[in-house]
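Letters are used for the chains, namely A, B, C and D, taken in the order the chains are written, and counting of residues starts over at 1 for each.
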Amino acid sequence: MSKLYARYSSMNAGKSLQLLAVKHNYEERSMKVAVFTAAIDDRYGAARVSSRVGIWAEARIFDPQTVFNRDLLDDDVACVLVDESQFLTEQQVRQLHRMAHVGSGTGGAADKGLPVMCFGLRTDFLGNPFPGAAMLMCLADDLEEIRTVCRCGKKASMNVRLAADGSRVTEGAQIEIGGNARYEAVCSRCFYRDARDS
Amino acid sequence: MSKLYARYSSMNAGKSLQLLAVKHNYEERSMKVAVFTAAIDDRYGAARVSSRVGIWAEARIFDPQTVFNRDLLDDDVACVLVDESQFLTEQQVRQLHRMAHVGSGTGGAADKGLPVMCFGLRTDFLGNPFPGAAMLMCLADDLEEIRTVCRCGKKASMNVRLAADGSRVTEGAQIEIGGNARYEAVCSRCFYRDARDS
Amino acid sequence: MSKLYARYSSMNAGKSLQLLAVKHNYEERSMKVAVFTAAIDDRYGAARVSSRVGIWAEARIFDPQTVFNRDLLDDDVACVLVDESQFLTEQQVRQLHRMAHVGSGTGGAADKGLPVMCFGLRTDFLGNPFPGAAMLMCLADDLEEIRTVCRCGKKASMNVRLAADGSRVTEGAQIEIGGNARYEAVCSRCFYRDARDS
Amino acid sequence: MSKLYARYSSMNAGKSLQLLAVKHNYEERSMKVAVFTAAIDDRYGAARVSSRVGIWAEARIFDPQTVFNRDLLDDDVACVLVDESQFLTEQQVRQLHRMAHVGSGTGGAADKGLPVMCFGLRTDFLGNPFPGAAMLMCLADDLEEIRTVCRCGKKASMNVRLAADGSRVTEGAQIEIGGNARYEAVCSRCFYRDARDS
């Protein structure tokens, strides 16, 4: 039975690297994967999944209008990989869940569900869930954390936004994509200790 | 470092039994636990956590007005256990997250965070997340699924509501607590196969 | 695809309770399970799996001569549950692994593998693996820890043997089954701190 | 509390890549890691951990004579990473377990245990555990599988050795390191189906 997989973490834990590793494993078996990433993330060029360790792959873009169904995919796709999955809408998560579990109805191999792996954050810099992430965490058949370390040495599970001067930002819009400079992964303890009113 | 733990599952997987087992393990060490359950669930009497295998324990009731903080607890509580955690408000989940990670500020043992374990569902009979569950899945430091089996033999991860005649109900209010008779845990595949428009 | 599951823990974490919960979940679906426990454990009578919270079930006995294959099981068994799995021989773990993955060769439902769940310890009171546990941890398709707490509040993952006067025993035979009185689950830190030469 | 972590998988799942990702995460925090790999693996030069996706790092070599203790490490090391951990001796796994849980006894930061992460296989091409892997799986405080896919599409958890002509090898020595050409990760079902007498 295919599944909807969620691989979640805080910022800069290496989610994209994990996605690229899965892609590599499939392709080494001559199996084809479909890779998606959010239109919103143009850090490395619009159509790429890139890891900070220096490897990358081309990707297709999704935005809130994308409809995830089998028509979107070549017939021989064996696995769907979605980076920056916190930017999926709740509806899109539902589509992906259905894609993992409902066959194409046409018979043959395409008639089975397709494994779908989503890589993304859970909460924003205020500790509020991304709507798509909340839906994903509640529907995924298989959840696994990609771990990284807080500057205090503990496991990081939250994110903070930093201003240019390094001070912590405690208000603003949920979405404002960036690189290492502006976000930092912290443990829950540091998240609360350093914040006045979060 | 203490943590916020989420133990999630579909209906009738044995969540309450898991809670009672944790309680037993702590008490065997002469450590005190605080047990909460939702006011909404009066299946076995308002102030009990009960397992269908026949064991139970007294519990305190939470409702949407409950404020989870250290004042609510005896000083010597070593662990907080919450059953039916899908009925927590988002704000209450945030309070429990904070309780796990922020000390009392009074010095001593009470000055460390307190382990908090929540046992609950993720989604309702339509596959929509409970708001508190979505928050919990996005904030918990440690997630673990309590598994049960679908009638088809696969792992169950969704819930369906059944009418008195055994037919599936596909509309209605999210909350309508009951025993084995009215809900059934199913795998995602059966969830979609048996539903026309979910 | 059926699997070989390992549910491991230190002493008194509630392994038997977990087994009974799984059994309950299957039987509630009208699916039949086969329950085995070690001949060596006669704490509660030879043919029982018993939880310290007060529930129990009848079980079949295995000893080192038992050969685990489909001939041992009724045709309609949907799941095999093994308690005290640390007493399995390496060969028996291999048989159970094969049972999970190789069909009966007779066609029909029996021709698929059978889910097998083993509940047991990993290491003895000196921190040495039980041979069957080592094989199980290396072959199981799905590993999950059943947690309990050390008297210091941390997760317990090791076991110590206690003499009648409560002092720690640091030599002796690996197998000497007993109840709460003679073993205690401790975290790794307490395991080493309290031992001179383990 | 620091821990002994085991990250296990079958061949070619990307264990080295995971190690390099952890190293990257620590170093991005200006924390120092110590990286070890087995002398036996000279695929990419003796003193490297290399991923097939094209990134690598220098490593120190361990062989059966290496004694893992704090004297081996610089004082400011924040984490120990061991690749090819299936080649550790049982005694070395015990040393690493102790390193994770026993302080240096000298006071200060060094007086706490040190996180140790081991990346390796569980079983050889015949399905027999590596001795060090068996010890690691039984002592590790935190186990996580690094997944890869079998050519049949299922999760791979076993390894097979292939002769130059692609046929499966079913006898020979446990250790015979090599690249993609000579080993293949397979699921348990394919492991047994394709073998006459394993």
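Keep this in mind: contacts are C-beta pairs under 8 Å (C-beta built on N, C-alpha and C of every residue); 3 or more make two chains touch, one makes a residue touch a chain.
Only a predicted model underlies this, so the values are computations on that prediction, with no experimental measurement involved.
Contact with both subunit A and subunit D is made by no chain of the assembly.
Which listed pair repeats A-D comes down to matching contact pairs by residue number; over half match for B-C among C-D, B-C or A-B. Set side by side, A-B and B-C show the greater C-beta contact count at A-B.
Our note on geometry: subunit B versus subunit D, Cα centroid distance of 37 Å, whole angstroms.
Centre-to-centre spacing of subunit B and subunit C amounts to 27 Å, using the average Cα coordinate of each chain. Residue positions 1 of subunit A are each in touch with at least two other chains.
Chain contact topology: the protein chains form a single closed ring, every chain touching exactly two others. For subunit D in complex with subunit C, the touching residues are 1, 4, 94, 97-98, 100-102, 113, 122-123, 127, 129, 133-135, 137-139, 141, 143, 145, 154-155, 157, 187-189, 191-193. Residues of subunit A touching subunit D in their complex: 12-14, 17-18, 20-21, 24-26, 28-29, 31, 52-55, 78-79, 144, 148-149, 151, 153, 180.
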